[in-house]
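Here come two complexes built around chain A, the first alongside chain B, the second alongside chain C.
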Partner chain A sequence: MAGNISRSNDLGIGKGILLKIITFGSIIFLVSPLIILIIFSFNSGKTVTQWEGFSMRWYSNIFTDYDLWISIRNSFLIAIASTVLSTILGTMAALAVGKYAFKGRELFQNILYIPVILPEIIFGISLLALFLLIKMPLGFISVICAHTTFSLSFVTLIVLAKLANFDKRIEEASLDLGANRWQTFRFVVFPGLAPAIISGALFAFTLSIDDFIVTFFTAGVTSATLPLKIYSLIKYGVSPALNAVSTVLIIFTVAALSISNRIQKGAKISKALKYIILTLMSLILIYFAVSFIDKGKIKNLNIYTYSNYLSPAVIADFEKEYGVKVSMNYYNDNEELLSRLQMGVTGYDLIFPTSYITEIMKKNGLIQPIDTSKLTNLHYIDRRFRNLSYDPTGRFYMPYAYGFSAVVYNDRFITDSIRSWNDMYNDKYRSNILMVDDMMEAFFVGYKCLGFVMDKDEGKLDKVTDLLIKQKQLLLKYENNMAVEYMASGDVWIAQTWNGYIAKILRRGPQFKMVIPKEGVLFFIDNLCIPSNAPNKEIAEQFINFLIRPDNTASNIQTILYAMPNPDAIKLLPDSLKNNSAIFPSDQMIKNMNLNKDQGEFSKNLEKAWTKVKIK
Partner chain B sequence: MRKLFKIKEFHLLLFPPAFWLLIFFIVPLIIVLIYSVSFRELYGGVRTGFTLEHYKEIGGEMYLKIFLRSIGYATVTTLITLLIAFPVAYFMAFASDLTKMILMLMIIIPFWTNFLIRMYSLMTIMGESGLVNELLVSTGIIKEPLALFNNAFSVYTGFIYWNLPFMILPILSSLDRLDTSLLEASLDLGATKTQTFFRITLPYSIPGLIAGIIFVFVQTMGNFIIPEFMGGTDNYMIGNLITSQYIHARNWPSGSAMSVVMIFFVMIFISLYLRFYNPSKNKGLLTI
Partner chain C sequence: MLELKNLTKTYGHQNVVKDVNLVIGKGEFFCLLGPSGCGKTTILRMIAGFEKVTAGNILLDGVDITERPPFRRDVNTVFQNYALFPNFDVYNNIAYSLMIKKRPAEEIADRVEKVVRLAGLSGFEKRMPDQLSGGQQQRVALARALINEPQILLLDEPLSALDKKIAEQTRMELAELQRKVGITFVFVTHNQAEALALADRIAVMNNGVMEQCDAPREIYEHPRSHFVADFIGSMNVLEGKISDSNQLITNIELENIGKVRLSKSDIQEAGKPVIFCIRPERMRLSLIEPKEYENSLKAVIRSKVYLGDVTHYQVELHGGKLIKVIAQNYLLQLSNEFYEIGEEVFVNWSQTSGELINA
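Take a look at the complex of A and B:
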């Protein structure tokens, strides 16, 4: 290629100082974030912005993170399967297109090229639509099919390019000299194409390992890949562990890249190296295959919940006591939980829907009754929470935690008195206000600000929507999971968030103050439910029983700082927690509590209005 | 003359990939089209039937704004990326071998690094208490931390950061095909450097230029992760809207209708791409 010839010239072209500045500036821009990321993977502190000292602790964390390894294994399995499929199919397509002028070849070729440039979201949505229609469960198969489809085109293009440069006379000579067609293909054409096929396969492999968007739409729980895990780490709690994972991945990418580059350039890999690579690869393959088969024997529990909503210590105790591996998956809000289940995502054993979502799920057959006869600790649960209106039988849910969302502010920045929801939206706090990213919470505040009761009146809804849009101009963001970090760093002065987060924020210093707005707050009761298609129902029941044991509940409350309906557990708590109004709402508040209800047909209007707020 | 494959064997070669693309690429697009004219079910799912209400909604002022915003973001991103990428590619094309190799490495590593990781790396330094602000404040350039994050600025930065390699590489691959003797001849024959640039260098770079522009534009249009993580409240794009229709509002038909509009819009660019930059003749982005 021309690029390999030295083009340094005496013409004085491309030598301007401005060119140099722009070039080196952009290179620094491209590379420095990655370098900083790598440096901070060795930070001993918990933040990714303040250097506290050198440490390898995050790397050792990687090795003990079970979920992370599962996701890496899934990534590899999916990449290997889709690479094999797409390489075979892609090479076939290339041979057909390159060697045979058939009717519709141009059309076929164009269809092959489109995936190269089509935005991934279109791929993801359309494949999701297909899987939804044929009711194919979202899992390994669906992701492999999806990855194969977009990799196929790339393989075809690479092989086709090689085929175009292939000297036809060699092929003809071989045939003329008495080799049969198979021999010619096997010993002449195929070896000529092999480098292209290999680099096509490597390309497909990298695409699959890297893909996020298509996987986001087509993956199930047990098939979550590394990029999905990275996404969840970014979204639900950034820590230097993510930097360590990223560093490993960058190193892996660079290594794969250099191998692929060598192969493409036709450089001979020494025999010893070849054997080493082959052995390594087969070892990895065998390991993954064995662990995959073995998976049937290891007892698993897949939990789908909010982030920071279950104490890791309690989970670890459960894992030890019952010999079960617990995997955590997070959702952003109730709507996402409901949508994912509606889409037929399989593999979750335990979910945490809020009361009104529990009702919808029950109506739609998405959850199944819990076998209460197995729950020896059932009697510890506060009776008042057992048979609530959304499931009077009490069979479909176990009350987990309850709480409310209120206002928290930093009095270093805010000196006005905050008493009402309306006080949050002061122009002085512009871009320093945070609200939760939750439709029902946002509308609750909107209705309260205007002094309305949420009924099904469209005129009122319009007014509330307009108000929310006006308020939005003042917000930094709608965010569910990062309130503590935003408040602690001072980026946010005042926030609407859930009381568990408020309790955590209050611990950070006396400058933080909680306000229960005088208009009232929205309560929630979150439940433990078992999806109808849960693969490990019995383990889920064991876990529920374990969780409601008073000592475990007490330990759980101390970590997540939400109230739980378990009087014996509350007795075990230190007084400072028992009397903490940010954790345990007063009886007065409970008496006047507002709970979300299923809005039925009206939820369509709410959703439309919420979309309008978000995009305006 | 004997042929390597018989007609029947060609069919055997052609059928599996063609069938695969039909099932997993063409049919899904048709399903999206069908969903887009169906009625929604309350809790997700579709009821068959025919309605254009979802399209009417998209034509409304609200959704139009999102489309225009997405096109605006994509256009500005493409322009800025181009303005940065062209000089870089130009410099690299005429740099010495060693310089070029080093620069190439610096571009290819980010190019192949996972998109989420790259975005995350940018996020950590751009926050209000991130390194950039800390550096600026501690050196006394500014007194108060700048609002770099959760706004349009950070969204643009994210897009440009993501797209730069995608623009530099195809332009470079075009410029690499330019024979320097042409430039020499031009200069020897009395053309000025400016004339040489506009008459020779620029025309040579056009295939890569167009490929880069279309690729960056289309990818930016469809992205929803950068507005989600780096944007504030006013940076919602069409991709976020489609995602939220599926993942939050359980309104599959509406999400499908938006996808259809986006597909048609993007197809215009794809057909241009295929016309100017036939991937079978030009490996472009695939060159590493």
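Take a look at the complex of A and C:
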């Protein structure tokens, strides 16, 4: 009633057309991305920009993706545990602050606000530092602790707000009528605060389910959550499967929040409890279903890699053959892998660092030699890929996959002949050029364009930097994972990207052409390495041996569409793949292979120059 | 039966209740009256057990209950805003204390029904507190507190949240209820009309000090302090000195105003500074010189407010002092005497009216 009265005034406030435009504009910007995301989760095609018909295939995809279910299970376990803990602790904190005067109360209250105010990334890093300092293993417990700490603040704030409106006399009335303090809490205070406590709990739950940053820092090898999994999937482009997962997550979050809202508005608590109990039951069911699949596996192997970088069939075969439970954890790029290992995160048995990162890791003692005597399949590996410059001993790595970046263009838009890196940067193509967002790739192209050799000369670096800045003005953007979508939609006419993406682009039609620029291309080799502190070194070695068996290698090549140095495996591939020049470079190219090197101290200069390019 | 001994409460350096001594008898309707901040509610809360006592003792039937928690005192409270449990309906609000005591269900039902009838709440048992009017809420609060049949019922301004009309009606019901149940009521109010109407005895509080504790009539007729005189009803307060005094008559010299005479049996010491108090309704305006047995002062009408039954005049005495005179309109009509602003009149009153208070 009061609301109605105060709103229907005669001042003409809220009637302006401008206000309406702003309001609707804001709502559209808020909601439309979500609607688009949901619509494209039903796209039968592989892109998120071109509609190719209705399909539920991505939903069936995600429902059969075992890794995804593991991460969903992890998310819910962590969310439930941290919700229970933070709700209890947060309510207690709110009662303490709201009802009792004690020494240091103000300070205590301010400390409670810290997780709300502090940037999440700082909070995450500081928690990680703490966990490493007290030698707490990163895993479920650490993530639950982390989530509890920040959820607790929100629960406290919500309960405290309710407590501020709570009539103290009602409590006194209860005491007065003969109820002791506990009875008073149970019969009067708790029912009064229950809506706030429940909505605080739901809030904590959604915070935990959605959290990425803090989880990223505090998760261990077996506790990757759904947001971490989604993030790692981005490596392979935004596929409708991601949309489908996100849609499920959105529906869940919105449901939780709307229940929370209704409770705060005073809906019957018993009804809300019913919802909550139902949800919990279904979650427990999921948990048991997933656990059932896990059953009977005692030996563990923890792999830390890019998502979709191994064939699930190969992993399943390995699990069956060796009786090992394989846990997958994903990173998004080499820097992430390196930084986590350098921060001292442990538990990984097998990692997939790129060439120059392998060199840095070896220098810093982060990886250990592989016992090659145990690798009965070693002879299948192409000799040219053993003992490479970044590890002449060849003991610290086993080459897994390799590739290069090259140029791909659409001849509907580009009729000029493209032969050199320089040909990409034509003013006619302004804003339709894409390059990968990678420092070493960018400088490689820059040095090649000017015909320089990358040495440690600062004069050359300055010239290359200036060139890159000039080139950048012509680009649509620097972007790693969306080349397929951009090329398909026609937004990009010409792109520098990795050959795996090029292979996918070429499949889309004859208008797409690949060019190996005459100055040469930059290769990358992703290696199999064993961290120094790997808990299951021998199983990791068994797995490496398993991976380099030609049939398994062939299976992996078909999954990831990158070449692997295993001639016997290539023989097993279908012809269409075997002869695909976008996947398998010529022998000539391999012979003249350019590899990223660790630039040592000079990499600081490169980084400074790269920052200069990026901010221009 | 309820005894407060040297009861004192301080918050930090502030004395809220200072050394209050009081004995309240069984079945008494006792009123704590005073302006807000006088400490009356604090006394009530100390009796209930919500506030810690700084010094002194509270005895109930001779047993010291000073340190007992609220739930171990045979005392119940009706709160100012009623403090009903919002999550329980009327029935469960009333049944709360019996439920806490884990009484059998039939007994609870019986007793609740009885007080529901007593409080006139039949038919409202299933309502939630927010579906009740203020008066109904107040009855629930009463019923909830009475169901225990406590030795003492504490009422903290129970009528202040009600409309004037309903408050007056509830006041009467409250008095009747108290007679019926025979429980000692300790009633806190800032409203003197309530106190005068309801109480067997009133304790007037000011700044944490109990100024006077007497029957309503005594409080009104014979205030013993400047504060009580001022606070209860309206009162003209005039400063002066005793000229002379004997067993029959005391003469008082009022500063800058003149002489007045008071028939009182107690002898006052000559020259002593005093305050002479007289209620406005005891004074009379007249154009005619007074009789000799009356006090009389010359005055000028400065304002008049017509209120239907009475007219309030403000008159200026010699020396500029303003006092109030209340005249019954029907008497004015009978004598056909109406006074206009600026008119010179006599203010007359009987020598038996008025009180002396030590200055």
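Before moving on, here are some points about what is shown:
In this text, the second predicted complex is superposed on the first by the 352 of 616 C-alpha atoms of A that agree within 3 Å, B and C clash if a C-alpha of one lies under 4 Å from a C-alpha of the other, contacts with A are read in each partner's own complex, and residues count from 1 in each chain.
Heads up, the rule we're going with is that a residue touches a chain if its C-beta (ideal position, glycine included) is under 8 Å from a C-beta of that chain, and two chains touch if they have at least 3 such contacts.
Since we're looking at a predicted model, the values are computed, not measured.
Once the two complexes are laid over each other on the shared chain, residue contacts for A:L249 go to chain B alone; chain C is not touched. Contacts of A:P191 after superposition: chain C is touched, whereas chain B is not reached.
Touch criterion not met for A:N545: it reaches neither chain B nor chain C. In the superposed pair of complexes, A:S208 makes contact with neither chain B nor chain C. Within the superposed three-chain model, A:I170 lies in touch with chain C and out of touch with chain B [touch as defined at top]. Shared-chain residue A:L476: touches chain B; no touch with chain C. When the two complexes are overlaid on their common chain A, residue A:K612 makes contact with chain B while staying clear of chain C.
In the superposed pair of complexes, A:T148 makes contact with chain B only, with no contact to chain C.
In the overlay built on the shared chain, the residue A:N566 is in contact with neither chain B nor chain C.
Which of chain B and chain C touches more residues of chain A is settled by the count: it is B. Within chain A, the residues touched by chain B in the first complex and by chain C in the second are 172, 175-176. The residues of chain A lying in touch with chain C in their complex are 167, 169-170, 172-180, 183, 187-188, 191-192. On the side of chain C, the complex with chain A involves touching residues 48-50, 69-71, 75-77, 79-81, 83-87, 96-97, 100-101, 144-145, 148.
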